[in-house]
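You will see two complexes here that share chain A, one where it goes with chain B and one where it goes with chain C.
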Partner chain A sequence: MKRKFIYICLFSWLILAGGCWNRIEVENLAIASALGIDKPAQGDSNQVLVSILVEKPGEAEEGGGGRGTSGASSQMSGWVNFGEGNSVEDAIRNLSTTTSKRLFLDHSRVIILGEEKARGGVGDIIDFLVRSRFIRLRNLLLVASESTALDTFSITPELTNIFSEEINDLITLSAPRGANTHAVNLKDFLIDLSIYGKEAVLPLLEIRKVPVEQSPENASAASENLQQKYKKNARLKGLAVFKGDKMVGKLDDMETKGFLWIIGESHSGTLTFDILHPETKKPVQATVEMTRATAEIDTEISDGKPVIRVKIDTEGNLGEFSEPNIPILPGVMELVDQGYARNIREQVKLALNKCQKEFQSDIFGFGARLRRQHLEYWKQNNLQENWTNIFPEIEVQVEVKANVRRSGVVLDSIELR
Partner chain B sequence: MLESGKITPGQAGFLMIFTVLGTSNLVMPVLTSRYAQMDAWMTVILASLPHVLLIFVMNGIRKNFPQESIVSYLKKITGKYLGILIILGYLWYMIFTLTMINRTVSEFLLTSFMPETPIEVFIIVMLLLGAWVTKAGLEVLARVATFIMPLFLISFALIFLLLVGEFNFSYLTPVFEYGSKPVIRGAIYPTLWRGEYVLMLFLWPYLNTPEQGLRSLLQSAVIIVLVMLPITTASIAVFGPLTPHMYFPTFALVEYIELVGFITRIDAVFMAVWIAGAFVKIGIFYYCICLTLGEVLGLKDYRYIVYPVGIICGALTIFIAPNVAVFENLFPTVLIPMNLLFQYLMPLLILGLIYLRGLHKEKRGEGDGV
Partner chain C sequence: MVFNKLKEKFKGLWADKKTPPPNQEEKKLLSRSLGKNEKYFRDTFNRCSDVIFRKFEVSVPDPVPVLMVYLDGLSSFIVGESVVRSLMNRYLKEKRRGDEPLAEHARDHLISVPEIKPEKDLGKLVDFVLSGDIILIMDGEPEGLVISSRGWEARSVSEPEAEPLVRGPRDGFTENIRTNTSLIRRRLKTSRLKLESLEIGSITKTAVIITYIDGIVNEKLVAEVRERLARIKTDSILESGYLEQFIEDNPWSLFSQVDVTERPDKVCGNLLEGRVAVLVDNTPFALIVPVLFLQFLQTPEDYYMRPFQASFLRALRLVTLNIALLLPSFYIAITTFHQEMLPTSLLLSIAQARSGVPFPALVEALLMEMAFEIVREAGIRLPSPMGQAVSIVASLVVGQAAVSAGLVSPAMLIVVALTAMASFSLPSSHATEAIRLLRFPIMFLAATLGLFGVMAGLLVILIHLCSLRSFGVPYLSPIAPLTLRDWKDVPVRAPWWAMFTRPRLIGYKEPQRQEFFQMPRPPKRRERKP
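Right, the complex of A and B next:
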């Protein structure tokens, strides 16, 4: 019994020893919070430029000490580093020659692709993103509009401590309120790339330059260095449209809204359109706050050709009129309803036209829908190969049911003298 | 008989659930969806047919020899030498399966958690645990299974509940996209995993009320379907066409869980529970190997050979494949023929022989009270 007890005591020490093997202390980790992938500006085009944004432990008041930091670095709490390599994995290993700590990618939340890289095709980096156990499928993907991922890392976060968190919040919390971007995480992107009859989209991230307020003392200093006058801001602007693994173009705000209507991901936002004043017959601008929207995509074969039916059902509340003295009568509400539906239809048409005629890229997933509903037809016509050729000529019927239910806290507005 | 302990039919059911789910929770969605694509969930149901058949066949066999172990009655049925040969075949099957399980679990730990640890560490640790529980006996093994079972089942329920918001059921359609053939092919693997119920041939004599074994095993078969169906469906509904490409899709599901911003990265908890489940599975195989080998060799106690068996299995686990590609290739090339032979064909043959040679109870005139 006593011997047993001694053995148990001795072996229980082994449990403590377990943590010693391959131990990595937290303070020896460089925790990357965002990953950027670019095409190198010069040199071999087969190479990739990988940049990382490392969270600095404790707010870094001493200013960004790293490379690639911009003028506004004094407020940055992240450190940007970049490395080139023949593959992503290689580039990340090369990064370690300039990173004094062990790079830890598990906690990255955002992956940014430079526009040039996206246009050149992401096929060569996808395998890394699938295979690496460090890259979580929850990572949000974005394309840096007209810039590189490396540049976007120099954006100063204003409301959060670090850029990646700001982007994360921007996409998941704020953007749905405006209905002009679409959050895509790595899993969705990979599925879009591999599924037949659907092309991928990624949100675009634009660097917006905001002038910094100048106090008279340093105005002269600022004029010497023009860059000092601007602060970089992140802005989500539209969507990047892919065809296969290559980015082929961009959707602007209106087209993005149209896209979101079709796929039923439009959650809130405002629409502005003109209606005719019931008495004076002059155009009056009306704004409607969207409260609810659903969309249904139906496919049908008529005369041996696929026809896509999009049914959009939406409700909204009256936001404002550009002219106060409009009576809220059933007839007026009907006008608003019609205008609302017309406006949605216009946005949808914009998105459809652009994708069908210009990009020839089925980002709506009509093909995937057709395959689900009419598998026989899909197989007979070998649409697996042909869908991209047929898609531009597909007839898409859009049916919008729009209802404006409420009018805010007043019925008729006050009358101006 | 070498084992003096007795377990209840319910405990036997638990043991068998672990035998199937211990590793199928990790690999099954990928093995089935590789063939059946998005119809993989159907394979779970399809595999139940041979499964239930096997349970009835085993019940038919043991009814005729209620108090005897398989080693002793096989000698009566087929003659001494052929009987020993079949038992040696079963031993080979069990040792090979044990090494496959051990390798799967070790690879899982290696790729998902500790890529820099030598694989030998996991193999040795798992086998030492298996040796320990084997030495403790069948009753202890059954109690361990009973203890882990609620945690194990809760872990699957949690995956389903925490991810239900992410499901996209449109990935499940169109049903039968590539016809029914791939679904039937895909059902082979769950059939093989369920076929591990064949271990009940070795354990059935140790039930305290053997006549209730059938009922409890059928219940456990239902539980397996109730676990595997949501898990497979969840993998497909979340990962869609990515499922066949993942190594451990259920684990990827756990990694994907993110709820209200902070319930996230809970993979280590699930890993702990699943490794405990895999440990029970290893324990069952380990135990059956030692028990049967001990009886074949005519030992007084099977515990003498626990460590030698462990050394053989440990070495085999490493030698079995130099890399993951070869290891994956073992599933279609070795596992399918071997398992079909020992899990389904052999019990059927034994049952057939019993009736052909007139060894069933009615013929022997002993009557059958049960």
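Right, the complex of A and C next:
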């Protein structure tokens, strides 16, 4: 009897000691879907400005029904709030003085860094992102190109109800098809920041202003308010290149493609290049739709200097010629192959040049590869310290094996009269 | 300690009352004088308007007064008529030898009824009258005759309403224990089917029959059932539920350790697996022991269907068992503690649905669960023509109006409705009452401790289930303790030609039930006819 009593006590103590105490009802949560981190415009540069985009449940729902019709709310997908503080945690606490519900960060899927903040260095906020139990490592990181994170929150989601969902889908579903951006989540970013011989990149988010169609009834309202003329759209444009924890520059679309070729993350996309017409020998534009690409980075030491070999192996389908009268003769596909390979090489060179000469930032991970393959060399030359100095000088050999396999549903195009 | 004290106290009370223990009246024998006997019976059945006394004379050859006593309504009219007619026949050809007792003569030569026996004991004669037999007492005879004439208005065999099947026999037990035994006997045509009769209850004298198949059943089990039934000292057994509570292994468990059915095919299937069934008079519900927890997720139909569908349905029932037990708690736990576990858009729609609701999720869930239980109870208690009214009120008022009035969120309504449907989909309502009751404590645990509480509650239930036994057989077998051989009939239902053996812990006396390798297959080439 006594024993039973003791067991019951022990058991209930076990339950009570280990429970989840933070009980809160769903409707009392301010569900943040995106987190923005900026440098404050004025004031102490050590401070951070944290902005959040809180989804309003009702509007997210209504958005599904009649999107864009509800005047003011179509401007913003949720409610934006911001707060300053000495640290991110501090800023978030300060935020809560202006947020009527409990701030709930667990559902944020996107973290946006203002460009100024990124250029100033992200070292001071990284620890929060790692340490906080609310931030998931699967959050996507982006840099707001030439704007602040706070501004990007004014982007209207068009195809989804939630801003973060829109950005997420943009990066994961549609961007790979264009091969001009690269999804980086928090975990990848942290790895890039922490390993030797590799620098981080983040996709750039640009705010694109699209003129709103002037329908007669809102034309007058629009002319009163100039800002109403534009609708803000999200656009992914290139990559932000980091050196250490500081952003040093941007890669444009072509350079981004080159970067993706090298790291083997190019999944889809089109390339347009000139080939010589097999009969008239005039330049003709060909477009190839890339279907598969792998890349291999190999390092070797020759004459005491590291040489990087990048082997790119790719396949594609013929998309179009700019002239219809091109017969697919023997040798034409070889011409296309060569043009394809040449084009890839050009893009790769662009990216390499920019990173080696201008940014001196090894975003490709050549150093990391070298370290893994030639650890002795790495240690002897103290490359852990010196790699950034050597990187601009090293030789990179690019070898492209391109193969255009299919020519669409026809062989020869129709002949125009 | 406390119990012992209470026991002492009650013992005292028992002794004080000094009620004579039942059935201890001194044995009274039949007198030779008919007048005395008649007086005895008339005194015994004083103010019993349904007892008929019929006095007439038999002349074989001298007239002898005879008293016939029986209960109106319980004795068959035809038998009574034939008795009277055969005795009052004036032209009796048979003449009794001088020394032959009249009772013997009447039994052997006059009364044309199959079952008839002499009886001296007055008390027993009274019992026979009460059971519906006709007793015949003759002047000057030391023995009365008991003529079996039990026959009364009874419900005919009809489809069991509590356990309907799509495919399977349509007959169900009735209130008449003889009909019930005949339904079993018709299916098991073997002398190994034993039916042991008992009588329980000092007033009701309810007939109870322990039935089993000799050779398959474990004798220790039969002895245990016999012993537990013999222990019962009560005045009444009105339904098998009385017995069930007297013979359970763990009376304080929410989980029933005795199976109940009104299907003779289910009883026979269980007897063939080595179980014991207890039939009780005046109720169509028979008890089956021992029972395993997983049996409550099975229906007799599982064995009549093709194995694929049966296996799918069993898997489905496992799912619905979990839904019925856990869904409201999961909803509460996730919406109040673990919001990060939901997809964002789902969380947003739940948040929107809940935005106007004045109560926390637990109160909301309790409200709706209580409403559901009320509707369900009302539906059972109301006469069936009123059922429609209940369903309209329930669906319109409790469901729709509650949502549009903002008392509960539509999400909660879905959860409660799904839970209700899941609990209805479980075959044995007898067993699911535990699930129904346990839902509430787990909901409280979920609301105070989140998923941790749900898991803690589940563990407690699991530990309890592991410790339960039904007549010595572990309740969770063949899962715990593991008997892989029996898994042919637990997560799936193997085809009949693959069910070679009986359950190991129950039917081990004669484990093999059929020939091996009877899978139907095309004949071999040389056997094929040209």
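Note that the second predicted complex is superposed on the first by the 371 of 417 C-alpha atoms of A that agree within 3 Å, B and C clash if a C-alpha of one lies under 4 Å from a C-alpha of the other, contacts with A are read in each partner's own complex, and residues count from 1 in each chain.
One rule holds in what follows: a contact is a pair of C-beta atoms (placed from the backbone, for glycine too) under 8 Å apart; a residue touches a chain by one contact, two chains touch by 3 or more.
Source: prediction; values computed, not measured.
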Touched partner set for A:25, first chain B, second chain C, both or neither: second
What is the contact status of A:137 with respect to chain B (first) and chain C (second): first, second, both, or neither? first
Mind working out whether A:164 is in touch with chain B, chain C, both or neither, as first, second, both or neither? second
Once chain A of both complexes is superposed, is A:372 in touch with chain B (first), chain C (second), both, or neither? first
Which partner reaches more residues of chain A (counting touched residues only), chain B or chain C: C
Look at A:33 in the shared chain and tell me whether it touches chain B only, chain C only, both, or neither; answer first, second, both or neither. second
First, second, both or neither for A:330, with chain B first and chain C second: neither
First (chain B), second (chain C), both or neither: which does A:304 touch? neither
First (chain B), second (chain C), both or neither touched by A:211: neither
Going by the contact definition given at the top, which residues of chain A touch chain B in one complex and chain C in the other? 22
Interfacial residue positions of chain B with respect to chain A in the complex: 111-112, 114-117, 170, 173-174, 177, 238-242, 245, 252, 255-256, 258, 264
In the complex, go through chain C and note every residue touching chain A. 1, 335-340, 344-345, 347-352, 354-355, 357, 360-361, 445, 447-453, 456
Footprint of chain B on chain A - complex, ascending: 21-22, 130, 133, 136-138, 187, 190-191, 194-195, 368, 371-373, 375
Interfacial residue positions of chain A with respect to chain C in the complex: 1, 14-15, 18-20, 22-27, 29, 31, 33, 55, 57-58, 60-61, 104, 106-107, 109, 134, 161-162, 164-165
